[in-house]
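Below you'll find the structures, each written out as structure tokens.
First chain A sits with chain B, and in the next complex the same chain sits with chain C.
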Partner chain A sequence: MNFLDPASAASARAEPATPQAPARPPLIRFENVTKTFGSFTAISDLNLDIQEREFFSLLGPSGCGKTTMMRLLAGFEEVTSGRILLDGQDLTGTPANRRPINMMFQSYALFPHMSVAKNIGFGLKQERWKKRDLQDRVDEMLALVQLEGFADRKPHQLSGGQMQRVALARSLAKKPKVLLLDEPLGALDKKLREETQFQLMDVQDRLGLTFIIVTHDQDEAMTVSSRIAVMKAGKLLQTDTPARIYEHPASSYVADFIGNVNLINVELSGMEGDLALARWDGGTRLAIRPQPEDVMTPGARKTLVLRPEKIHVTKDRPAEAHNVNMVEGTVEEISYTGSASTFLVRLDGGMLIRAQEANRLLTSRREVDWNDRVWLSWRAGACVLVDA
Partner chain B sequence: MRTSRRLLILLPYLWLGLFFLVPFLIVIKIALSDSVTASPPYAPTFSLDEGLAGLRASLAALDFENFVWLAEDGIYLKAYLNSVKVAAIATLLTLLIGYPVAYAMAKAPQDWRKTLLLLVILPFWTSFLIRIYAWIGILKNEGFLNLTLMKLAIIEQPLAIMHTEIAVYVGIVYSYLPFMILPLYASLERTDGRLLEAAEDLGCGALAAFRQITLPLSLPGVVAGCFLVFIPAIGEFVIPDLLGGSGTLMIGKTLWLEFFSNRDWGVAAAVAIVLLTILIVPIVLFQRHQQKHQEELG
Partner chain C sequence: MIRRFNIFNLTSLTFGLAFLYLPLLLVVIYSFNDSRLVTVWGGFSTKWYGIALNNDAYLEAAWITLRIAFVSATLATVLGTLSTVVMVRAGSFPGRTLFSGMIFAPLVMPEVVTGLSLLLLFVAIGLDRGFWTITIAHATFAMCYASVVVSSRLASFDRSLEYAALDLGCTPFSAFRQVTLPVIAPAVISAWLLSFTLSLDDLVIATFTSGPGSTTLPMKLYSSVRLGVSPEINALSTMLIGIVTAGVITASLVNRRQERRRQQDHRAAAAAA
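Up next, the complex of A and B:
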């Protein structure tokens, strides 16, 4: 199952639609949307714009409201207040079967009594397509997901990956303006999931559609999305590109939710040239290159976000420089994951720091070992500050 | 270990042999005998008094006379056909009434369903015979139904329902409705709600979704329910006897008359065997269907 060379699919993503500078009105707009179930507020006064041709991810823990957002868009739920616009048109009151939005369901919801071809052609049949045209479109969709020859199979005769592709073909058959994907790869094993991610990106790019995906898998969201919205308790915490979300999280919650991170409480002490200076609890002086939007008030308490892979682990003390931070500690744990090794280093102040080094050498040649005294160092530009 | 397992497997066979096969062979034997005015009212009877020769003579006296009689006298064929007709129409009526009930039950809020299910089985707490007698009280000329309708001035003359085929239909539909509702409910309740959402998402209206998704997925329940009603309804005796009139010719009643009124055990046994043969066809079909359905699920 090789849909496209992953490398070329990745390069196709290198020039996404420009979400930062929307020249056109958004394809989808959530306007002060609130949704309550009884006394439970699933979505709280939420605003969001999604542009055409975006691959947009809703990411968050279970119960954060991401599935409710999707069901509101699909039309299975009605907003309690606010409104949702599609192409400037208010969707309120338009039932699910009249919306030019299709959904790929979690665990696929294929019709068990229908063949693969009947499943894919189901939406077209509802629109009373001519037999010839319907057949052509079904064939086109089968080719798109590389399932030619499976037209007459029943869903229970397919593997999990094949069912996933039938579900994708079925939801794309009507060429909807927007495709919603509810945890589309959750039931697949890791290797198949990675292949399928590239398949999804390829299909989205080729058909030029807008995809909105709901997932709790941050790796998946990072890989496929042009933008990610991180949600918590019915609110959007941050909506940004994967790189911005990862490297410039808006809060320590977002930083912690996406990937591994060291969160360090610091107190700002002042500026030195273009670097901000801060004091760590132990008194260690740190230099941080602030972001343009950062407000640096001396004395303010902040949280330093430091990703493990930005930290160097060395036995020798690195050369002193005004833009390099360094601390000393003892290696307590090393976990080997093949491509990289993660070191848990206990600082002399008692704090545990997670640092990651790519395994450039064979493990037998690694110079750092358990219980070794090591120096951790990182550049002032490799970490960011968020509000504590 | 081996022996004890064999003994365990043998038990049901022993049970079936003793309480089904042996009685069935006796019925076959009676069906092949002649009717006489004696006790027992058939001949020959097997006995070893006259030795092996006597036994051989008894065997030689058996013949298919009673079956030939069934074929020659049109009344039996008519009774069989009428039984099949009544059972088929009653099954259809049961399905038409049972499906909406089962559908509503399956769509009811989760915590209501157990209660509704209990209500469906509740009539079984009362004896079948008593419930049929209750219908006599409702349907007869000066019964509850007619009195109410006359009180309300909807009719002037009492409706003659009792002792007609309509009363038989009412009785069968009422008695067998739970057997239709339960399998229907089981298959409707299992239907995945997301399938309906998927259908709606792909442009289906509520009615179209019912026709294309719910109905075909509930077909196993429909088939099971129909067989569960049709098979016992063919041989039904109590309902046509108590509610039906002399015009309602059903095979169960014919059998009873041959046995008790005519005291012609031979013909009665022959009627029973033909009925069994007729019933084997739908039972085998039903088994096949169940098996196929199981395979598709697995």
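Up next, the complex of A and C:
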């Protein structure tokens, strides 16, 4: 399957500013980049293009190399082999202080002995800006993050959210070509994090900058990004828009990493019209609408990726249709999360399937209960196949 | 409920403090003794302070001691800070444990051994013993104390502050000067004060490394005591106790203030998180 084509990613996200017109060279290009620390390989022969004005997420479990990629870009580490190009120019050998790339640190890294204004103006002072211009830019940045009136505070007099905004203002003050954000919202509570996500998107859009964010929080990556790269053990597994990563994962690993998923091993048996037919272990017949790029060889073993919210849970057997799959089982567990309920259903074959229904009715009116016999059904187009 | 001052606590506190400070207290009390005889109380007087302060030999020794303490403390602080920064920054390299052990070894080395080895070194390289040899010797042993003080602060120093400075356009040196040094300044100051007091009251190493015309105050006191304790020496000792106490208290106050501020920061961060 081919999901790695940026042009197809661009068409999937309907946004006028999306810059993947084929004529333009990428803003950032990783070319066969490898980074090793002693015998440990953090990044292994990695290729990646990032376009101007993208909000790009590097997503992966800790130790997957995402932070190393950021540190390579910032100039805190040098590549072991390969090269990184910015605007077509090789960054190798350019120290961190001469790169037009700034970084917002996970710990914010505000200088504790300087006021908010001094922190924000620090980068400009290094470039020997005139006092007047420096003051103007600092004021502009304070306004951008809505911290007017906080100029003379010290970092320890700020709340976490305010510190985060100062750190953002400081990293934007030099108007870098690229802003790197290392787990920028990791230290904030959930509510504040959601607000701040939208603020980040707004700032990125208004300044027209390229943002690269490192995160292990998939919800965050889904919310803010125009494209996501899912990483594992120093390699890119899939680079795509959030919607395609979620709905058309390139592998069962990506599917499992992003959100909840049921992974079902099936064997292809043939085609019926435009639907592929597959047999599930014992013989349950399933219909799947294949993707254009899927290669359907009868007899091939594949993994069916089925998201819980795509499954319908009913007590009565749904109406038979050629494009609807259905199986029967017993409700083993129901977990209630307010807006939705998740049902763990034990199929007669022994397999546990996770299904999720929005709570359209009050819980007291819910018709499905523990130990009920239920039917799980989903449409042929609501699931995808990946290589087993 | 725990009673804070019951008989047992009070007694052990009194005995503990008495054990530590009674000898010093006697020196202080007898420095205000009017009598010539050290152990016989003859009424209150400050005359011995006047006499001690008019004794040129003592004054000269005190002046040398202060100069040595100042220069050696500065040397020790600079060297100690730099070596600590390197140790903390360098990460792991072959022989790291040995190297860091070597920085701290003089802490537990008998002073006689340190003094003797330095004496042998100075003789071997043909350095005339005097002001500079004592200063170098003091800097050598005070440096490890300075390292200990600075390294405890550097260990909790957030390295990303330095990266942030680099990222915003600083060279590594200016990042150290503009960010690292101001942040660890309280520890550096307290390292200096500690080195200063260590040099001020050292007798053993100074004895080994001094030469003609560079007798420090502790040496002078020691040689005078061998000829008999005079109230004048009590007065001088009292002044020395005063200076050292002031130094140590200032160092700990500086450290405490820094610690408080750091806790404040942590609380703010925790409240925000």
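Everything that follows uses one rule, which is that the second predicted complex is superposed on the first by the 366 of 388 C-alpha atoms of A that agree within 3 Å, B and C clash if a C-alpha of one lies under 4 Å from a C-alpha of the other, contacts with A are read in each partner's own complex, and residues count from 1 in each chain.
Here is the rule we go by: a contact is a pair of C-beta atoms (placed from the backbone, for glycine too) under 8 Å apart; a residue touches a chain by one contact, two chains touch by 3 or more.
Quick caveat, the model's predicted, so the values are computed rather than measured.
Chemist: Record, for the superposition on chain A, whether partners chain B and chain C clash or fit.
Modeler: When both complexes are placed onto chain A, chain B and chain C end up clashing with one another.
Chemist: Give the label of whichever partner, chain B or chain C, reaches more residues of chain A.
Modeler: Comparing touch counts on chain A for chain B and chain C gives C.
Chemist: With both complexes superposed on chain A, which partner does A:G161 reach: first (chain B), second (chain C), both or neither?
Modeler: second
Chemist: For A:R24 in the superposed arrangement: first (chain B), second (chain C), both or neither?
Modeler: Neither chain B nor chain C is touched by A:R24.
Chemist: Touching A:K191, do we find chain B (first), chain C (second), both, or neither?
Modeler: A:K191 contacts neither chain B nor chain C.
Chemist: Once the shared chain is lined up, is A:R170 touching chain B (first), chain C (second), both, or neither of them?
Modeler: Touch partners of A:R170: chain B and chain C.
Chemist: Go through the superposed model and pick first if A:R365 touches only chain B, second if only chain C, both, or neither.
Modeler: neither
Chemist: I'd like to know which partner A:G123 touches here: chain B for first, chain C for second, both or neither.
Modeler: both
Chemist: Mind working out whether A:R132 is in touch with chain B, chain C, both or neither, as first, second, both or neither?
Modeler: neither
Chemist: Based on the A-chain superposition described above, do chain B and chain C contact any of the same residues on chain A, and if so which?
Modeler: 74-76, 95-98, 101-103, 105, 107, 109, 111-113, 122-123, 126-127, 156, 170-171, 174
Chemist: Enumerate the contact residues on chain C facing chain A in the complex.
Modeler: Residues of chain C touching chain A: 158, 160-161, 163-171, 174, 179, 182-183, 261, 264-265, 268-269, 271-273.
Chemist: Going by the contact rule set out above, which residues of chain B touch chain A in the complex?
Modeler: Contacts found on chain B: 192, 194-195, 197-205, 208, 212-213, 216-217, 296.
Chemist: Could you please specify the touching residues of chain A with respect to chain C in the complex?
Modeler: Checking each residue of chain A against chain C gives 74-76, 95-98, 101-103, 105-107, 109, 111-113, 122-123, 126-127, 155-163, 170-171, 174, 187-189.
Chemist: Tell me, which parts of chain A touch chain B in their complex?
Modeler: Its residues touching chain B are 74-76, 95-98, 101-103, 105, 107, 109, 111-113, 122-123, 126-127, 154, 156, 170-171, 174.
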